[in-house]
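Sharing a structure with you now.
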Amino acid sequence: MTALQRIVEALLFLSPEPVSTAELAEACESTEAEIDRAIDALEPTLDGRGVVLRQVAGGWTLAAHPDAEAAARRLLAKPRTPPLTQAQAETLAIVAYLQPVSRPEIARIRGVSSESAVQTLTERGLIEESGRSRFGAVIHRTTPLFERLFGLAGLDALPDPARFDPSPEDERELRERLLKAGEQRAE
Amino acid sequence: MRAAELDLDLDVFAGPFDLLMTVVLREEIALAEVELGEIVLAYLEHVEEQGDLDLEAATEFLVLIASLLELKSRLLLPAPEEERLELAPQEAAEELLARMLEYRRYRGAAEHLHRLFVDGRRYLYRSAPLPPELRRVALDAAKPSYQPDRLASAIGDLLRVPPAPDTTHIRPTVSLERRLTVLRELLSRRARLDFDEAFGTEDRLTQAVTLFALLEMHKRGEATWNQKQTFGPIEITTPTTSSASRPVSSGSGASGGDSADSR
Amino acid sequence: MTALQRIVEALLFLSPEPVSTAELAEACESTEAEIDRAIDALEPTLDGRGVVLRQVAGGWTLAAHPDAEAAARRLLAKPRTPPLTQAQAETLAIVAYLQPVSRPEIARIRGVSSESAVQTLTERGLIEESGRSRFGAVIHRTTPLFERLFGLAGLDALPDPARFDPSPEDERELRERLLKAGEQRAE
């Protein structure tokens, strides 16, 4: 297996979404023709393995072999619900109340980068990416699983935070107030 | 020797042990020559500049450096011939050594973890949601497990802004120069001082720095003190008021300042 | 490649977290001994590929080959995680070895308050709060993410900390220099 094939395989493995030939070429600093050849060579080496190469609308992607479905269901098709850490609860609350919300916004409100909380919440299926903002930042929203795990009939059923509000007299919009408080915390 | 002359790049030290070990291990410097007070202040100022200082941190540091100070004070103060109740110098050194060695162990472990980290971050893991069919099953199996109020209270936490930290109590009190001036002024007006009477109402940091200042004055022959028993009152005198040959005595309380008083 | 090997590979591909041998055995309806053999057989087949098998955080997981790191960071717009400062590394070492450990204990060993290091490590998901000590101080422990990111099969994979103690010669030198104080006073 050539170095390029190895890197292409690694990129397809890591990417949660299909990757186009052009994107692969850019990431690998090679040409699309070289990527095409690498993929052609990669495909037969996956034959009979647990992971299969698929070409879908957006490009190339790896998927688990269908033979593993029953075992995957036994292992993974149950929600994991360990207690939320404070960082996770805050991040989830920001996404729930402000959605859609971008990752930089979450960081500004919390006053600290929240990468690991976002990643864990995504892996547990409580939040998901829902495209990109005008400025190219990933934006997030909650999932149906989130509503189910919190016993919410819908997002309208989120409790009013007024009961926990330290300055209820402030009448600005919640997003604006959270961003302002975050900036003051970060100072 | 002042902290500046030691040429310490305070940025490279992760904590006081790091700093102290370096100072102690510098071949060319004898412990007696090092101005510990200078190092304390330089270090505290440095920590404060980094925006990391709270009073607790300052106290921690002083407690720590006290062990080293104890050693050093034995250099500066004449040794009493008779029995001493406190730790022998060797014991004090052993105690400090034990703490330094404990710290050294975790500094070594930290280096090891750092190497693991550098190696580990080259490996990237897949972070992808489950495929849709598995997600559907997970959704069907999901039961309410979290309280919605947890989210509302997290929003409340995020709306809360901590009050600006009050640092007025830190800086003005820890200038060694200032404590020296205060001591000199008091001693120019009165030949003897009771430490508790003069400084008992000050905060701990000020008291500690005042003690450093006293050590400094003793070294320069400007003042001495007398403490008859452990935790007893500390009496500060200028050399002119005490019998010059025995500036400090912990055992024989009748000499020095006391006898001068009774005459 | 046997059917079991294929399924194990697929499960490791799908699972967002390391999977233990016991969990794999349950999902595959096989024995742990069979899983062990399947893993042993799987490992060499990944040799020279873009994906590697790692034993971390009490289980097995797949990771992208380090050779693909630069290209992957370009593709996923994932910046390199910032290095640990010395204060953070020391704090993490104390938590890793002495856990569960309280903040005052960390401060005692480091000789300096370690608030901001504790906070940053918590933010990065490397340590977490695990309740309170008898005296009411918050106590901390490391997370599975710590083991994963540091490539540790488990906490017992950490070397004996006595290994980091200074050599007897270094210790002697430190002791001698401290004791010089005592000698000089005789002058």
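Letters A, B and C mark the chains in the order given here, with residues in each chain numbered from 1 onward.
Everything below uses one rule, namely that a contact is a pair of C-beta atoms (placed from the backbone, for glycine too) under 8 Å apart; a residue touches a chain by one contact, two chains touch by 3 or more.
Keep in mind that what you see is a predicted model, and the values were worked out from it rather than measured.
K.L.:
Could you name the chain whose Cα mean is nearest to the mean of all protein Cα atoms here?
P.N.:
Taking the mean of C-alpha atoms per chain, the most central one is C.
K.L.:
Quick check for the class: compute each chain's Cα centroid; which one is farthest from the centroid of chain C?
P.N.:
Following the centroid criterion, the farthest chain would be B.
K.L.:
Between chain A and chain B, what is the separation of their C-alpha centroids in Å?
P.N.:
46
K.L.:
Per the centroid of Cα atoms for each chain, what is the distance between chain A and chain C, given in Å?
P.N.:
Chain centres of chain A and chain C, defined by C-alpha means, are spaced 24 Å apart.
K.L.:
If you average the CA atoms of chain B and of chain C, how far apart do the two points sit, in angstrom?
P.N.:
Computed value for the inter-centroid distance: 32 Å.
K.L.:
Two or more other chains touching the same residue: where does that happen in chain C?
P.N.:
13-14, 16, 62, 64, 68, 72
K.L.:
Where in chain B do residues touch two or more of the other chains?
P.N.:
Touching at least two other chains: 124-128, 130-131, 134.
K.L.:
Touching residues of chain A toward chain C in the complex: what are they?
P.N.:
1, 3, 5-11, 13-15, 19, 23-24, 26-29, 45, 48-51, 62, 64-65, 67-68, 71-72, 74-76, 85-87, 112-117, 120, 123
K.L.:
Tell me, which parts of chain C touch chain B in their complex?
P.N.:
Against chain B, the touching part of chain C is residues 13-14, 16, 52, 54, 61-64, 66, 68-69, 72-73, 78, 80-81, 83-87, 89-90, 92-94, 96-97, 107-113, 115-116, 148-152, 158-159, 161-166, 171, 173-175, 177-182, 184-186.
K.L.:
Can you name the residues of chain B that touch chain C in the complex?
P.N.:
14-17, 21, 24-25, 30-32, 47, 52, 54, 56-57, 60-61, 64, 71-72, 74-75, 79, 89-90, 93-94, 96-97, 99-114, 116-128, 130-131, 134
K.L.:
Under the touch definition given earlier, write down the residues of chain B that touch chain A in their complex.
P.N.:
Touching chain A: residues 124-131, 133-135, 137-139, 141-162 of chain B.
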